[in-house]
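Paired with chain B in one complex and with chain C in the other, chain A is shared by the two complexes that follow.
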Partner chain A sequence: MPFKKFVEIGRVAYIADGPCQGKIAAIVNVIDQNKVLIDGPTSGVSRQAYPLKQMHLTNLSVKFPFNASTKVVRKELEANKVDEKWADSAWCQRIKAKAVRKSMTDFDRFKLRKAKSQRNRIVTIALNGKKKALRKAGKI
Partner chain B sequence: MRAKGTLREFRVIGRKMPTENEPETPLYRMRIFAPDAVVAKSRFWYFLRQLRKFKKTTGEIVSVEEIKERKPLQIKNFGIWLRYDSRSGTHNMYREYRDLTVSGAITQCYRDMGARHRARAHSIQIIRCEPVAASKCRRPLVQQMHDSKIKFPLPCRVQKQGGRLVKANRPGTYFQ
Partner chain C sequence: MGKNKNKGSPRNYTLASGVARFSKSAMFHKKAIYKFMKKKAPAKESKKKAVFVEKKIGGAKNGGTRMVRVKKLANDYPTAVKAAKKPFASCQKSHPAKLRSSITPGVVAIVLAGVHKGKHVIVLKQLQSGLLLITGPMTLNGCPLRRINQRFIIATKTKVDVSSVKVPDTLNDAYFARVKAENVKKDGVFADNKKQKYAPSDERKKDQGEVDKQVMAAISKHPEGALMKKYLASVFRLQKGQYPHNMVF
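After this line comes the complex of A and B, so read on.
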């Protein structure tokens, strides 16, 4: 299995744990095997050291030289529309959906159940109509 | 000393109490790495006693200042010269660490000495700690990070066991 995501200068990572949890940031430099210097000026992450264990690498990356200033990092992130690409990605949508699901109250779950059963009813009625027509025509 | 948490750098200045024979005593300054100012003062007297002929009862501390890192967002290679007591003798050592702050590097050093040599904090004396230029670094673990195009994967991501003791699927370590 080849490796597709690398810890490298410019790699955008999702911060899964710690004080900046839930935000994305770019890797500016590598401190050592376990820590990197990250910066996320467009997502509210100040420049700091962060442990790799608390970060998940995304497939987005930008190009800037190592130790680039926050100004340069911001310019590259905005030029590559990283925030939009992240928000459109399936990963980000899944995180948001999970958060919504987790924050549901019992009333919300009731409403969801009712909405699902209404939708399924529409589908089943349409399906059964089609099946009946095909059976009449001898196709099934 | 207990190297609790992240150590902080203190500049401690002390002098022998002035007497009629010696109204102006020289000031001595030390760079102490300690968890707080109280321990810093204590370590100051510990070292001063070994170097000069006065101690806490015959001297006074003129000032204790915490020194903040000048450039806390710049990665530096720190060379640390230290002296420590092992079970069978006392040795000098030179170690290198890569960190953003001096205090961070010294804290790493104490943890590393504890792990690799079972040296307790009270038996370690930091002689000198300087940032070292990348070309002058001697340790391969630090030198391997000196690459402007550094790139490495995270091959075996061990996730801490979260929540359930019994899982439906076997956990994996390949997250690409």
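After this line comes the complex of A and C, so read on.
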């Protein structure tokens, strides 16, 4: 399987660990095998060296020359609407959903259980109704 | 007095080796402590107390008098280490035990031990002994007005506003104290000592009904009152993949 996301100038990465955890930033330059210079002016990440191990590459990327200033990086990120694209992505939504699930209180868990069983009951009744009709018609 | 060249910096300071720059005697002179030393009062001549006193004793062959100690020696040569003194019992009575910050009146708690383990109950208040007063309410989960130690509950983040619930003052530690069964006289080796089955008194039933009525009203006022009642009637269980240290209660 070929690689599809590369560490390149302009690649947008999600920061999974460390002080900037949870934010996205663009790669401005590569320092060495393990560190890159990142900058996320639109997402609150100041320009800094960051270890690649603590970042996950996204499928978003923008174009700017290496070592471009924060002003240029900001302009490119805004022009490409990176923040909106990230927020709309399934990845971002999954992260938010996980956070909500983790912060559920015991009462929330109870309500979720009740809601799920109610929904399943409706589905089962509808399904059984359909099965009965098909069985009567001799189709199953 | 010359100009103070040292203004702002300390008189003495510790060197990198950990030792002070100036010794005690050097500091004595720097700080002019001789100016602030009080004059020594002349030593009072203490009255010499007699250790032995001569006392007359009877008996012809006993020498007439004997030197007796004024203060008797303690005749105490313990062979074992004395047990440490217990802290005063009144120390606990002076103030109730500190409560976890998550436990406040009206909070829904999960009971972890005892007959009612797993049940969701409402914490009403802390009694003088430090124990918490909880109630099911009885109609929802069968848990009566009861005392419980804060160690045996998990306080959830769910709260019910019980500021309008007035718990009668008669519901104190003495009210809930366990009644000791009267000693039955033993006739023979195996006496017919049947354990007295607990039956709630009429007073308890009355108080339970009164308090629960108010608590149920408070629950109904809650925006999710109907679901809250079902929640209180339910029992807490851990599912697969649920770990208490990873959960928010």
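Structural remarks
Just so we're on the same page, the second predicted complex is superposed on the first by the 140 of 140 C-alpha atoms of A that agree within 3 Å, B and C clash if a C-alpha of one lies under 4 Å from a C-alpha of the other, contacts with A are read in each partner's own complex, and residues count from 1 in each chain.
Please note the rule applied: a contact is a pair of C-beta atoms (placed from the backbone, for glycine too) under 8 Å apart; a residue touches a chain by one contact, two chains touch by 3 or more.
This is a predicted model, so every value here is computed, not measured.
With chain A as the common reference for superposition, the partners chain B and chain C occupy compatible, non-clashing space.
Within the superposed three-chain model, A:Ile24 lies out of touch with both chain B and chain C [touch as defined at top].
By the touch criterion stated above, A:Ser103 is placed in contact with chain C alone, chain B being left untouched.
Looking at the shared chain after the overlay, A:Leu60 reaches neither chain B nor chain C.
Applying the stated contact rule after C-alpha superposition, one finds that A:Leu52 touches chain B and leaves chain C untouched. Within the superposed three-chain model, A:Leu37 lies in touch with chain B and out of touch with chain C [touch as defined at top]. By the touch criterion defined above, A:Met1 reaches chain B but does not reach chain C. The vertex angle at chain A, taken between the C-alpha centres of chain B and chain C once both structures are aligned on chain A, is 80 degrees to the nearest 10.
In the superposition on chain A, A:Ile9 makes contact with chain B only, while chain C stays out of contact range.
Touched residues of chain A, counted separately for chain B and chain C, are more numerous for B. After superposing the two complexes on their shared chain, the closest approach between C-alpha atoms of chain B and chain C is 8 Å. Within chain A, not a single residue is touched by chain B in the first complex and by chain C in the second. Contacts from chain A toward chain B in the complex involve residues 1, 3-9, 29-32, 37, 47-49, 52, 56-57, 65-67. Here chain B touches chain A in the complex through residues 73-75, 98-100, 141-142, 145, 148-155, 174-176, going by the rule given at the top. By the touch criterion given at the top, residues 102-107, 110-111, 114 of chain A touch chain C in their complex. Taken together, the chain C residues at the contact with chain A in this complex read 108, 110, 120, 156-158, 224, 227-228, 230-231, 234, 236, 246-249.
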